[in-house]
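Down below are the structures I want you to see.
Each of the two complexes below includes chain A, the first together with chain B, the second together with chain C.
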Partner chain A sequence: MINFIQFTFTRAFLAFITLLLVCFIVFSLMELVPGTCAERYLAFKNTQGSSITVEDIRAEEKRLGLDKPFLYRYGKWVSNIIFKGDFGDSCILRMNINELLSGRFLLSLAIAITALLFSYIIAIPVGIISATTRYKSIDTTLKFISYLGIALPNFLVALCIMLFMTVYFGDTMTGLFSKDYETAPWSYNKFMDFLSRAWLPIFVLGWNATAFALQTVRALMLDENDKLYVMAAKARGITGMSLLWRYPAKHSLGPVINSIGFDLNRIFSALPIVALILILTEAGALLIEALARSNDQQLAGAIIFLLTATIVFVNFVTDVILAIIDPRIRKGVMGGG
Partner chain B sequence: MEVSNKKKEAYYTATQMQLVRTRFFGNRSAMIAGSILLFMIICSLFADFLSPYDPTIAGRDKEYENGAPQIPMFWDENGFSARPFLHTLTKYRGADTNFRWVYKLDTEKRRYVYFFVKGWEYKVFDFNINLPGKILDFKIPGFTFNTHLFGVDKGGIHLFGTDKAGKDLFSRTLNAIYISLAVGTLGVIISFVLSLIIGGISGYYGGWVDSLLQMFTDAIRTVPPIPLFMCLAAFAPLEWSSELRFFFISCLLGLISWPTLARRVRTHLLSERSQEYILAAKLCGASSTHIIVRHLLPSFTSYIIVDLVISFPYMLLSETALSFIGLGLREPVNSLGVLLQNATKADVLLNYQWYFIPVFFLVVLILTFVYVGDGLRDAADPHKVK
Partner chain C sequence: MSNLLEVKNLDVKFDTDEGRITAVENISFTLQQGKVLGIVGESGSGKSVTAKSIMQLNPGNTFYNNDAQIILENENTLNFVSKEDLRKIRGGKVSMIFQEPMASFAPAIKIGKQMIEQLLIHRDINKEDAKKISINMLKRVGIADAEKRFNQYAFELSGGMRQRAMIAMALSTMPKLLLADEPTTALDVTIQAQVIDLIKDIIREYQMGVIFITHDLGVIAQVADEVAVMYLGRIVEKGPVNEILKNPKHPYTKGLLEALPDINNLDEPLKPIPGNIPSPLDRPTGCVFRTRCPHHNPEGKDGKIEMKLIEVEPGHWVDQCGIQCGQNG
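And now, the complex of A and B:
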């Protein structure tokens, strides 16, 4: 037990370090964008009619703390996020990023995680069938479909479905809520409305994730299936489903848990573009807006940080879960136990 | 008996590469995909020769904007012709069409397709790199040609139709495949060099160097790649020339995608490092460089090639995604992503379905790459001996 706690703490510490590193990368990127917040802010004022001098810019920089060295600002940014959960203000939209993001990020998270669940629910049984079927044609077809999942980028699928809907049903199906509920507070009706629209992004995102998960499951199953212990079980007369679930499937699904983090990474990676096409009002679409339209570094940095933090957290949780349920890893962690 | 012995002997004396080749050639789906892929690559390399029109705005057909694909035919109601021909289209606008331009088909007037015709000029072996800074510029003039595979005597031939500026989609698609492959290749080369250096150092030296580099690699791997791409691509100022943009995007693709490959190189080196033949070389007094270059690198060349092929479709997809949202390549450069972006409007699906033809090529290109990569992986895996 002591070993297990030690393991958990080491993992948590490593995750924390990774997060700091990621913060550093993201923050450096934000700093590299030409033009500081002060210049932007004053450039905006300039368009409003008041004239701006160099002194004004310096004074504004001082007010925003931009005259401090890079590392100091990095430290401040990180500590604000970690200890206060405060991402600061967006200097383009001039409002607090927390307010802007909180609801939207939860929506993104909900969509991404549902897509992930959807993909695993399909991929695990289908992957097992694909790996163990006696009919080669089923395997070939499933393989083709899973490759198609890679070759058809999900923004393309989203686009096609959307255009199809527009042409044949006259409704674009875009957005997460219909007009009546867009600004309404959360209620049962709003939730149902959300569900009736969210299936499209969930399907689109899940489509690629399923393809990848299918390949992982299939490869792992194929590896396990040839092993001697499976043959021994067969020799003892265990067949069919009981053989599958008790022996190879049980063992090959451990690494699948490990791949959740990377699958989530893929979904997050695809989310912004899908969101842009389907006009979803969540964090991914905001990210593109921040990068492509308004060049809003603070907002973009905050979103990338949140996405990555989620992945780091999921990786940490799956590591711990795997250590609990997989006896091979448990042995490594707890030494003999 | 004789034959099987010979076979066995051939099997045991075959080199690693020969084995891989035999196994790959035996894989039917990978071979089919490989042939299609090879065909597409060759077509894209000879894109200028194959395309009847200049893929840029210079090659636009003012008489045929948003035009439907024109398929050459061999017969119509007036009889059969050994030389393929097209019917003549005339642009027409009048009170009966509500003063909108429509194309009238005149089936009486045939326009014949000729081969090896003279057309727009293109250059072969022409390198012109124009990066910021005078030293980096260099120019090789190359040769100028103007022969094309096919063309018609009067008017235009547009196999895939034209876009709203009248640019020939067939020529654009070929050019776009070429550009997308070029971006991908450059990206793969950059990521290859980076991963070889970083993964190599990490795997060969091990210890704390390894831990530190792995931590860095893992940190980069956890960031979702496309948002990171977008973040970096947003740096490119709008006023950059298209060549510079092209170069920049390729570099980004390379810079983002090295971690996966670097990890593979490292894992392989770590397992290979403790093999007896490395120990033997060390005992003989070989230097680190010698061991890396002469022993370690050849031991996993096949793996590296496989990984490069596997990573290629992701490069293409990333480029497409970036260009699609307007952060990657832009017009006037053709790339599959740029062409895809043109197909995003609702009226395209209603009226101009041929805008989707390049999408089909993108899907086929990626699909064949995935199949070939998969076939190569199976072929290079020594544990999968049949």
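And now, the complex of A and C:
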């Protein structure tokens, strides 16, 4: 047990270090973008008609603390996030990022996690069926569908569904809420309205994720199925479902759990583009907005940080789950007992 | 004594993308209770396929010929299709031990759990009794701390102990026939000797029939009563172990014996059998061994001779092509 606690702490510590490293890269990238927050804000103001001078910029830089050295600002940025949970202010919008993001990030997370859950709920049984019916028509059909899922880009699927919806139902089904609920506070009705809309991004993201997960599960099952211990079990008279679930399926579970973090990563990568097309008011869309349009470093950094933190956290959790369910790892980390 | 197992005219073919390939051709042999039949041959000679046919463990693309018979206690097991019948030959009357004991235990299931699972399938007993039988069996095969090992996973045991545990699992259902597929190949020599002694003890104690597959003639000399030498899916020579080892008639058997290092003259280079096993897709017609026969004449008649076992001494059968090949030189 001591060993397990030690293992968990080591993993948590390593996850934390990973996060700090990613923060550093994110922060450095933000730095590399030409221009500072001050210049950008004032340039933005300039377009609104007020004229600005170099002195204005310097003063603004001083006010924002941009005259301090890079590492100092990095340290401050990170420690503010970690100790105070404060992401600072957005460059352009001059709003606290926490306020700007809180609801939207949760929406992103909800959409991504739901898509992930759906993809695994479908992929695990279907992948197993596909593997056990290898070379038969079911397997070929499933393989075809999943290759389609991998080959078709998310945005194309989203566009096709939008087109279909518009032609047949007269509503593009874009956005996360219908007009009546967009600004309304959360209520049961708003939640139902959300669900009636959210299935589309979840489907678009999940479709692709399912295809990938299906391939993973199928390959792992085939791999396990060919192993000698499965034949040895068969030679002992074990048949049917117990030969399937207790032997190859149980042993493929580890790598499948391992791939969850990877899949979440992929969903997060796809989310901004899908969000843009479906006009979703969540963090992914905001990320594109911040990166590509307004060049809002602070905001983009905060979103990337949150996405990364989620992935690092999920990877940490899957590592711990693996250590609990797989005796080979468990015995390794806990020793003997 | 009546025959425990009788294999008659067995052909095994696999359908592959490259066409139908022959793995085993026209094999017949018998095995009596309490006896050990050694099957020797290089990799790809069809030894394991023959053993797996007895348990119907060959993959789905396998075809057996219609007149083949594998008769185990008066039933042709090749006709078994129902779950109940298949269980008889899979873990019931027949058990198998494999070359890789690590690979034959499911890695993430406790050894005891796998033993109990098997016992509950084949015997009408409860879990408690199954546990007792399993632990006693582990003790019987010489595993110290049997209770502790019962609750461990295969990766926690040493190689020799795993092999013992696998033998214990195979024997716990009291099979009539034990198929041992290279059970000592993966072990180092001292452990190998221990496992062979254990298998011999157990054969004596339980009076079961054993098919012992190996490519190691030294092992065969220690355990087998009878030997069948296989090449490219054919039995080329068979008979009592002493007769075959002392008086081999087929050039392939002679080659296998000559390929063993001579302990008295270690400086002498090893004498491998010339040539390679032909690909199963490129199986020689007529005498399958002719491409490697030291005196073979590719244009001559040896492509047209039919393979047929001839009794040269009482109980000692040799393929007639082999005799011809030996005589040419």
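We adopt the following convention: the second predicted complex is superposed on the first by the 327 of 337 C-alpha atoms of A that agree within 3 Å, B and C clash if a C-alpha of one lies under 4 Å from a C-alpha of the other, contacts with A are read in each partner's own complex, and residues count from 1 in each chain.
We adopt the following convention: contacts are C-beta pairs under 8 Å (C-beta built on N, C-alpha and C of every residue); 3 or more make two chains touch, one makes a residue touch a chain.
The structure presented is a predicted model; accordingly, all values stated were derived computationally and were not measured.
Visitor: With the two structures laid over each other on chain A, which partner does A:T239 touch: chain B (first), chain C (second), both, or neither?
Guide: Once the two structures are laid over each other on A, A:T239 reaches chain C alone.
Visitor: Between chain B (first) and chain C (second), which does A:P327 come into contact with in this model arrangement: first, second, both, or neither?
Guide: second
Visitor: Decide which partner touches more residues of chain A, taking chain B and chain C as the two options.
Guide: Per-residue touch count on chain A favours B.
Visitor: Is A:L152 in contact with chain B, with chain C, with both, or with neither (first, second, both, neither)?
Guide: In the superposition, A:L152 touches chain B alone.
Visitor: First (chain B), second (chain C), both or neither: which does A:L291 touch?
Guide: It touches chain B, and chain C stays clear.
Visitor: With both complexes overlaid on chain A, does A:I113 touch chain B (first), chain C (second), both or neither?
Guide: In the superposed model, A:I113 contacts neither chain B nor chain C.
Visitor: Which part of chain C faces chain A closely enough to touch in the complex?
Guide: Result: residues 55, 57, 83, 86-87, 90-92, 95-96, 98, 100, 103-110, 114, 117-118, 121-122, 153, 155-156, 169 of chain C touch chain A.
Visitor: Can you tell me which positions in chain A touch chain B when the two form their complex?
Guide: For this pair, the touching residues of chain A are 14, 17-18, 21-22, 25-26, 29, 32-34, 140, 147-148, 150-153, 155-156, 159, 163-164, 166-167, 261, 265-266, 268-273, 276-277, 287-288, 291-292, 295, 300, 303-304, 307-308, 311-312, 315.
Visitor: What residues of chain A sit close enough to touch chain C in their complex?
Guide: Contacts found on chain A: 227-240, 242, 246-247, 250-251, 326-328, 331.
Visitor: Under the definition above, what is the set of chain B residues touching chain A in their complex?
Guide: Against chain A, the touching part of chain B is residues 29, 215-216, 218-228, 230-235, 237, 313, 317, 320-321, 324-327, 340, 343-344, 346, 348-350, 359, 363-364, 366-367, 370-371, 374.
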